[in-house]
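Should a chain be cited, it is by its letter among A, B, C, D and E, assigned in written order, with residues numbered from 1 in that chain.
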Amino acid sequence: MSQPTPANEVMEPAVSVRDLAIAFASHRVIDELDLEVQKGEFLVLLGPSGCGKSTLLNAIAGLLDVADGEVWISGRNVTWAEPKDRGIGMVFQSYALYPRMSVRQNLSFGLKISGVPKTEVDARVDKAAQLLKLEELLQRRPAELSGGQRQRVAIGRALVRNVDVFLFDEPLSNLDAKLRNELRVEIKKLHQRLGNTMIYVTHDQVEAMTLADRVAVMRGGTIQQLAPPQEIYRRPVNLFVAGFIGSPAMNFFEGEIVAGEGPRLKVGDAMVDLSRYPFSTNVSPGQRVILGIRPEHLAVGPAAVGSVEVESQVHITEPMGADTIVWASFAGESITIRTDGEFNARPGESIAFHFDPARASLFDAQTHLRL
Amino acid sequence: QDKPTAEVMHWWTSGGEAAAIKEFAKAYDAAGGVWKDTATALGENSRAAAINRMVGGNPPAAAQFNTGKQFDDLVAQGLVRSIDDLSKEEGWQAVMPPFLYDAASRDGKLYALPINVHGQNWMFYSKKVLSDSGVESLPTGWDALVPALEKIRAAGFIPLAQGGQPWQERLLFSAILLGKGGKDLYFKIYRDHDAEAAQSDEFRGVVEAFGALRGFVDQGSPGRNWNDATALVLQDKAGMQLMGDWAVGEFRTAGKVADKDYGCSIGLKGDTLIVGGDVFVFPKTGDEAQVKAQNLLAKTMLDPATQVKFNLAKGSMPIRNDVDTGEFNACAQKGMALLKDKDSQVPVVDIIMSASLLGALDDVLTQYWHNPSASADDVVEGFVSAFELEE
Amino acid sequence: MSSPRPTVAAAAPLERPANRQKSVERGRKPKRLTPGRIGLYAFIAVAAAFFLLPAVIMIFTSLKSMDEIRDGSIFALPQHLDFSAWIAAWSTACTGLSCDGIRVGFWNSIKILVPSVVLSIAAGSILGYALSFWRVRGANVLFAILLLGAFLPYQIFIYPMVRGFSLLGIYNSLACIVTIHVIFGLPVMTLIFRNFYAGLPQELFNAARVDGGGFWRIFLYVILPMSTPILIVAAILQITGIWNDFILGLVFAGRENLPMTVQLNNVVNTTYGERTYNMNMAATILTAAVPLVVYFVSGRWFVRGIAAGAVKG
Amino acid sequence: MTTRPRRLRMATFVVLPAWALVLAAYVGTMVWTMQISFTDSKLLPVDTYVGFDQYERLFSSTRWLVSLQNVAIFGVLFIAGSLVVGFLLAVALDQHVRFENTLRTIFLYPYAMSFIVTGLIWQWLMNPGLGIQKAVQNWGWESFRFDWAVNREMAIYAVVIAGIWQASGLVMALMLAGLRGIDADLWKATRIEGIPPWRVYLFIIVPMLRPLIITAVVLLSIGVVKAFDLVVALTSGGPGIASEVPAKFIMDYLFTRQNIGLATAAATVMLITVASVLTPWLYFEYFRKARPRGAA
Amino acid sequence: MSQPTPANEVMEPAVSVRDLAIAFASHRVIDELDLEVQKGEFLVLLGPSGCGKSTLLNAIAGLLDVADGEVWISGRNVTWAEPKDRGIGMVFQSYALYPRMSVRQNLSFGLKISGVPKTEVDARVDKAAQLLKLEELLQRRPAELSGGQRQRVAIGRALVRNVDVFLFDEPLSNLDAKLRNELRVEIKKLHQRLGNTMIYVTHDQVEAMTLADRVAVMRGGTIQQLAPPQEIYRRPVNLFVAGFIGSPAMNFFEGEIVAGEGPRLKVGDAMVDLSRYPFSTNVSPGQRVILGIRPEHLAVGPAAVGSVEVESQVHITEPMGADTIVWASFAGESITIRTDGEFNARPGESIAFHFDPARASLFDAQTHLRL
């Protein structure tokens, strides 16, 4: 796996967005956004629909005029440069292939137009085709390709341009699950092989988690958290990130800090000992907080030391093969538990489950920030 | 309700024409009938509507046609009633120009009612242009016309005001054919479709005389309407125009006086008039009331007083030679003088030739007229092959 | 650092976010008025002139007197506005004996237009719906003949149609002319509706069938309400076509129902009469008014409708 | 096993009148036309059969041959011209220009005008003594010539111009609709690749608009085959017979020249020509790859 | 969870498809297919794209003419009945809502045209709206609804018809992951509450596994396996089913049975002891077989008793939050291992992992059938 080059004072970032503002008509969709992407880094922009992911990507690509701020790519200020002069390649959700051209023409058209000699065009196309296993398909038209093949062609079209920075806008979201998995791995391998900088927009968490060196979780035009995926998963900075990342979603329970030796949390009737929780800020008794527990951090069975144990009736079980999702309740709220595929319980049956507060997340109920 | 009601279909829609048909309508109403007017501009449109209504079984009481073969098929298919009985009763044959009467008859019976006579080989000219160009009088032969036209051109006028539609070109050609080739050739070509005559030097001479005029029209001539051409003459921009007598109306509207502002001559020599005219046919109907209305209509139209009023308005000459002609202008007087003599008139080509052949000849003539490099042989050949194909 | 960069900017990323200072040089903002843009507007201007010229001449001419027309250039502005030609064309121009202008024909045209447009659209949409959603035997053959028929000159139809209608006993009536327009409108109407419906989801139709809709109910409640865009296109095409028709109206409408174009023809086209160009132009503009108004009002819908209907071509 | 019930479905029932109509009006007329073309009918149809006489006559007629040639010239230039002009207009309007609505209407209005008017105005404009030529000469360019309507060589091109004036608005509307339907991502992709817009239009967009172009071509070619009014109003087929077209030939022989035998022979020739071009094409465009759908 | 009524000679199935054949033009898409669905059962049709799932469903609904065979619903032969007369409700992938009608009109349209009295229509619509939480939305048009809301309306439209059999054609596949999860649970609850028979087409395994009482795995117009989901997951009858079910997909290795005390399998260089494998057919030495192991049945770490242990280099790891997918190799082939989310290894690092042959699957290399 390629690792992001460690941030380095001398090293210059591959893409740098400074104080960016973008407005449609007078409505500012993005405002004062800063982002630095390191050379060779795989950055994923993740966020709900309409949060401005595509807008940001388009601004980097030069497909949108910025209202304010600057875009630097490979050390050049390209804020007002034409897209083609930015040294970027881009892959679109809808593939955006040229429908009446063969795959080969799709790959070579841009090169030809920019005056690359024919032999070189062919060499580059062949290389990309080989890399993406498109050799057999070069004569076909996009309409004669499957979704996955089309998307590979779209990637190939970006590839042949020999650029430093790749931009992907939800490249896989029109594909079915199986294909998505396959292509995801292919993209990952591609990144490892080429070592280019990649900025990848998605709202699929699996993609974000598996592909990214760092994930930028966006919401409403702002970046909420920018960190490696594991960190985002384990230590979401706020309630939004916590709820957005993870499937099934994190379970949330609102409660109140109560005083005692070490902080404790009262959630409904239950009392949760937080002494093992790695607080990063102070809490005071009486403060309302939200407790978040991931389904896979809940385990069925009697509690280990330091864990919190709960007993509940099973509402539904969803066996998914490899694991089973159990819906039960805790503190009057519904809770999902992820257990292994062998687990079996009837609705209505009573089960015990437990969790380790050290792996939970706590948020301030007012500010929604991690505690 | 008992009044005889007659729906009349015609294509007289313009001002002067409408005034003329109004005379018929007034007379008909005065005679106790009710005139229902259905006017549609352009002969082919009006005829198409009329024919289709006859075929469709919903005919008008009377429909206008041109004299000639246009209603042959209608007669053959029994869609038109004969008005021979009326003719006998009224003694129409005796007072009408024989060509026109014959043209309206089939197998010796009258099937259509001629109502007027149009002279179709009138040469109108601007007296001012001619005198300004040093041409004292209109030449009397077609060959002599060319030097005169050249003079006019030299003086900066348009020598010949010609409309650019095939029928206008045919009018000019017919006039030359009659004037230069004589009645004999006229009939041989137009009536007998005589290929030999068409190949004769005489005919070739006619064609060449016609062709010689090609150079004397202005650039805007193709496609021009006849009245725009007339306007050139009456505005003293052009020397002369060969046209039917309906052009007189234009001069009159513009306030020009015959023999003073403009001159008129039948052909160039003034000896033979090409006559044509309009007829009404009366579709066959089982309805007694309709027949009565038709009878009344026919009689009213041919009533001498009505004839005068109608033809004065129309600019044509009365179909009857027994009416009072005092009110007609100088040009019409000339025409009517010729009408009295059977030998100084010939029927217009439509009367003696099928529309189909006529069309084919039109095609030949118009090609020749508009192509300066076409030769007389092209016309001769065209005529001959058209004759062959039509047989 | 490899590339030459202004020093201020070079320092910027390190200082931020503490110092939200912007680099002095932000790069050139592209000019709005590029040569391409100028060329574009020049092209549009020339094109607009080309398309407008005839209309301008028509309007100018209609406002001139006949003397002015005879003497002046057709491009010359009217010396003084003279609306008499308009008035004459509308209400006093003569056709044979009746001097009522073309207004009589206006109402006749409306009388013909409304049922013809409604019925031909109804026929086209129902047939298009039947052919694209229901499996009907020989649908393709039917459609092919219809399309082929669209290429025949109208004139050829006239005689057999006259015979046919007189057999049916409705020759020369409003019913007759309306039927004729429906017949002649059918090919193109069916074509555009069929293409439009081919683009609608089959699942919607299936859902309606499961819901219990029959042929008509599905059409009326489900399909028709979705057809607005294409209905507009169809309406525009038919309004233009039917309103401008002349020969069919002349032959089939009957004396009482002659459309406005026949009156226009009477005013404009005379063989032997005087030509009053000013009135001709006024009459022409008046006659074209209805389709023009339709275009002005619904031009935007027209494009949208085609966009919606032509996905499948 | 139950047998399949035979039902007269409403759909079939609805299509029946269409069939009746098509058989009576279209097929009937076509058959009638062909039949009459073998008779020597004049003003009214008769049933004296004369074999192929009318066809012989037809093809020995210069005018018919000129008409055929003209309709070919007219058809090709008119369709190509309208497509090009219409497409350019659509492209221009697609550039987010101001007053788009007004401009669209300006380009579209000629389609609402009847041919009578179109012809008359263009006759004026192209008349050397009245129109553009005179105006330009009056402005001082003495040698300027624009006399197409009265020039034997150019008359058919004059008809083409007037036809383009009238029809390219429709093409524009069709194309504009197509352009509006193009995926924005495609445009972005071409910008990233740095493909100049004109190339994008030519090599990418135009091929994509194929279905619309076909629709436009169908509509325009219906216009070509039926081209009559425009020619009559503009040149009346002249000068001479320089701008005659088959539809006018048919019309003339049908109504003025009273030879419907010849007219129907001409119509039959046209019909067969159109059918032989249209049928294979129809098959390919509409039926071969038509997605099978439809309810039981 | 509702259980299928045990197959019973007297009891009649809710839907029964006998010897069904369906042809488009002359191409038979389905041939000689038999299927019985019990009253109250939730049957999922699962299979790759184009295998004939929708075709079968449409044939049951009466939207397609069958070429041969019969369809019985609730004891009636409905082979030639109109869709509306079959007592079915159907939900489509694209929602297929009537775009010009409000939600209420969408729901009531079918009832109104079948002449149900207005008061009853209202009652049923209100009930369905309440059940599906659509009360607030009744006045809106489909265009004003989110994807999930639209799908709920589509379900509601089937619901109000008070029918015995519901047909779903990929009802959730146009929704994003989050919504899909939510609605899946809602459909499950709905089934539990109503107890209707449901036939549900999907190509999403999670849906199939979690919703189905029984799953019919289809391929090329035939049913490959018809069994409860856990059984399909654990004991796939052939290679296709094994490979199709499960994500990441089962790992396959071809090898040869070698003689010894108890059967053993030679895969590449490794030798797998099959004495604990529950063979259902006989194997003979020399027979070529395919060994299938699910990624989650591979565990990192030293082997337990009876397990097979393998050592390999890590190729890639894909951390997905809750678990991590490790790509390594075994017997010269690539293998995926699913470990928990805490697992961490660098590419190139060497790890040991093991599996229990008892939980593996074995298929004949020729027939692809389970051994």
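Assume contacts are C-beta pairs under 8 Å (C-beta built on N, C-alpha and C of every residue); 3 or more make two chains touch, one makes a residue touch a chain.
These numbers come from a predicted model, not from an experiment.
Trainee: Give me the step distance from chain B to chain C, shortest route via touching chains only.
Mentor: When the steps are counted carefully, the minimum from chain B to chain C is 1.
Trainee: Centre to centre, using CA atoms, which chain is the farthest one from chain E?
Mentor: For chain E, the chain whose C-alpha mean is farthest off is B.
Trainee: Per the definition at the top, count C-beta pairs in contact and tell me whether B-D or C-D has more.
Mentor: Output for the comparison: C-D.
Trainee: Cα centroid separation between chain A and chain C, in whole Å?
Mentor: Distance between chain centres: 51 Å.
Trainee: CA centre of chain A versus CA centre of chain E: separation in Å?
Mentor: 27
Trainee: For chain A and chain D, what's the span in angstrom between their mean Cα positions?
Mentor: About 56 Å separates the centre of chain A from that of chain D.
Trainee: Where in chain D do residues touch at least two different other chains?
Mentor: Within chain D, residues 130, 210, 255, 295-296 contact more than one other chain.
Trainee: Quick check: what residues of chain C touch more than one other chain, meaning two or more?
Mentor: Answer for chain C, listing residues that touch two or more other chains: 158-159, 206, 209, 265, 268-269.
Trainee: If a residue has to touch 2 or more other chains to count, which residues of chain E qualify?
Mentor: Those would be 62-63.
Trainee: Taking the complex as given, what residues does chain C use to touch chain E?
Mentor: Interface residues on chain C, with respect to chain E: 201, 203-204, 206-213, 217, 221-222, 225-226.
Trainee: Flag every residue of chain E that touches chain A in the complex, lowest number first.
Mentor: That would be residues 1, 49, 173, 176-178, 181, 184-185, 188-189, 192, 203-206, 209-210, 229-230, 233, 245-248, 294-296, 316-323, 325, 327, 338, 340-341, 346-347 of chain E.
Trainee: Under the touch definition given earlier, write down the residues of chain C that touch chain D in their complex.
Mentor: 40-41, 43-44, 47-48, 50-55, 57-58, 73-75, 123, 126-127, 130-140, 142-161, 164, 183, 186, 188, 191, 195, 198, 202, 205-206, 209, 214-216, 240, 244, 246, 261, 264-265, 268-269, 280, 284, 287-288, 291-292, 294-296, 299-300, 302-307, 310-313
Trainee: Please name which positions on chain D make contact with chain B in the complex.
Mentor: The touching residues are 42-44, 46, 57, 60-63, 123, 127-130, 147, 149-150, 152, 155, 234-236, 238-242, 252-253, 255-259, 262.
Trainee: Would you pull the chain A residues touching chain D in the complex into a rising list?
Mentor: Contacts found on chain A: 58, 61-63, 82-85, 88-90, 92-96, 98-101, 109-110, 113-114, 157-158, 161, 169.
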